[in-house]
């Protein structure tokens, strides 16, 4: 169910906001504000330990001995988190692997830390998203 | 070619570091320091406008009218950036889409902004990685 | 001049928002949304290179030889940025110094980098604020 | 007591690192690595709930009714955290106030949230530092 409420603000602030929204490709002020609201709520889900969704993005050198085995082992140890994964060959040496995960923020962070710590993994980043269940 | 250099630091700082590394799953101090170094270099690649790799993670409600068409249109408009994408059905309503991108930081950021602005996209996050080419 | 506009959103999203606002001490929904808007605008000021305000927070060991001289020299080299500074003795060894700065984001970032690089400075952080001039 | 350990890495990675350090004003590789290490440890202090130091940077319009009283009341309610504060007149309307705090990360974050929520506070940022006690 949609509800509606009013926001009052300085004319100059509104015109600044409109400029920013145009630059970011919004066609609709309400949608932009909903996005700001949702962003705050997603941060809250992570800090409150709710079930969340994330993406672990790794760049690694697949020539490194044992790396692929260790990555696979970890994916089994944390099997309850792994939803899917995607592999891209960036060049002869470098692979990009993006692992979609769902579960508790603490466990997901632990998995990301462990993957980053593997020798040959050059860079690892955890992107913090939401299941969308409680974020309409 | 591997080279070696010495780092001197307070004994207490080293022991704190070792504790942190154990907690994060490192078995090797050098590897941990290399990771800290690489992390700084990847930030630098993004701020210097080098060719980089990223992942755009979207959560959206696929029932929203026009959303899928708009996402597809954008992927064509920014076609030179898109490497691959992966789609996961989180539940009856919510989809997770992770798009692997490669190109200039400015263009990638613009694409992420545009995708986030589409109505029905509840959350969008840009994860900033590297091609690994200059990060050994 | 105050203007007013309407935002429409899902009832459940609004009730989540209200919960978050209570937790953060807001008594007023409009004020919370204005804060989200201003936060986006301040980020934009930094990325667009507008005149901004910041605070550089340093923790250092004042016993380190030459440290205080180097900090003073830097404050003179970047004199056009420095607005004021505040010094707190945390314990026998550690000082907290907070330097209020105003100027271009690039110069401020350079100053913060330089200060952090001084031997004996244990931690340095740049807090990114606004002059408030264009943020009503 | 100073100890020394060796780090081995690819020659190319080292030369990239050296370039970055020059750009940031480091004259010494060890000092740069110590800074990266300390930065990780300070993050850990905040996430582990250790006693930490911070700076809350506020920009506000001092003409707003009740604002100054509310800020003062809050500083008394959270009195055990407040170490010192500094006030700068940016222009006729805007004040910059930087409050140095020491205590538990949770309480400090709560105080920053409350201050940001006051009507007339345009922007508030929490900078996360350390007491330096355990960070040599």
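Lettered A, B, C and D in written order, each chain numbered from 1.
Operating definition for what follows: a contact is a pair of C-beta atoms (placed from the backbone, for glycine too) under 8 Å apart; a residue touches a chain by one contact, two chains touch by 3 or more.
Keep in mind that this is a model prediction, so the values were computed, not measured.
> Test of understanding: which option in A-C, A-B or C-D shares over half of the contact pairs of B-D, residue numbers taken as the match?
When the contact pairs of B-D are compared with those in A-C, A-B or C-D, A-C matches.
> Chain A to chain C: how many Å between their CA centres?
Chain centroid spacing, chain A to chain C, equals 25 Å.
> Chain C to chain D: how many Å between their CA centres?
It comes to 9 Å between the two C-alpha centres.
> If I count partner chains per residue in chain C, which residues reach a count of at least 2?
Touching at least two other chains: 38, 135-136.
> Linking chains that touch, what shape results: line, ring, star, complete or other?
Basically the chains close up into a ring.
> With touch defined as at the start, can you tell me which chain C residues reach chain A in the complex?
Chain C reaches chain A through residues 1-14, 16-17, 20, 29-30, 33-34, 36-38, 40-41, 44, 134-136.
> Where on chain D does chain C make contact in their complex?
21, 23-28, 31-32, 35, 38-39, 42, 53-55, 57, 59-61, 83-86, 88, 90-91, 93-94, 96, 98, 100, 102, 113-114, 116-117, 119, 121-123, 125-133, 135-136
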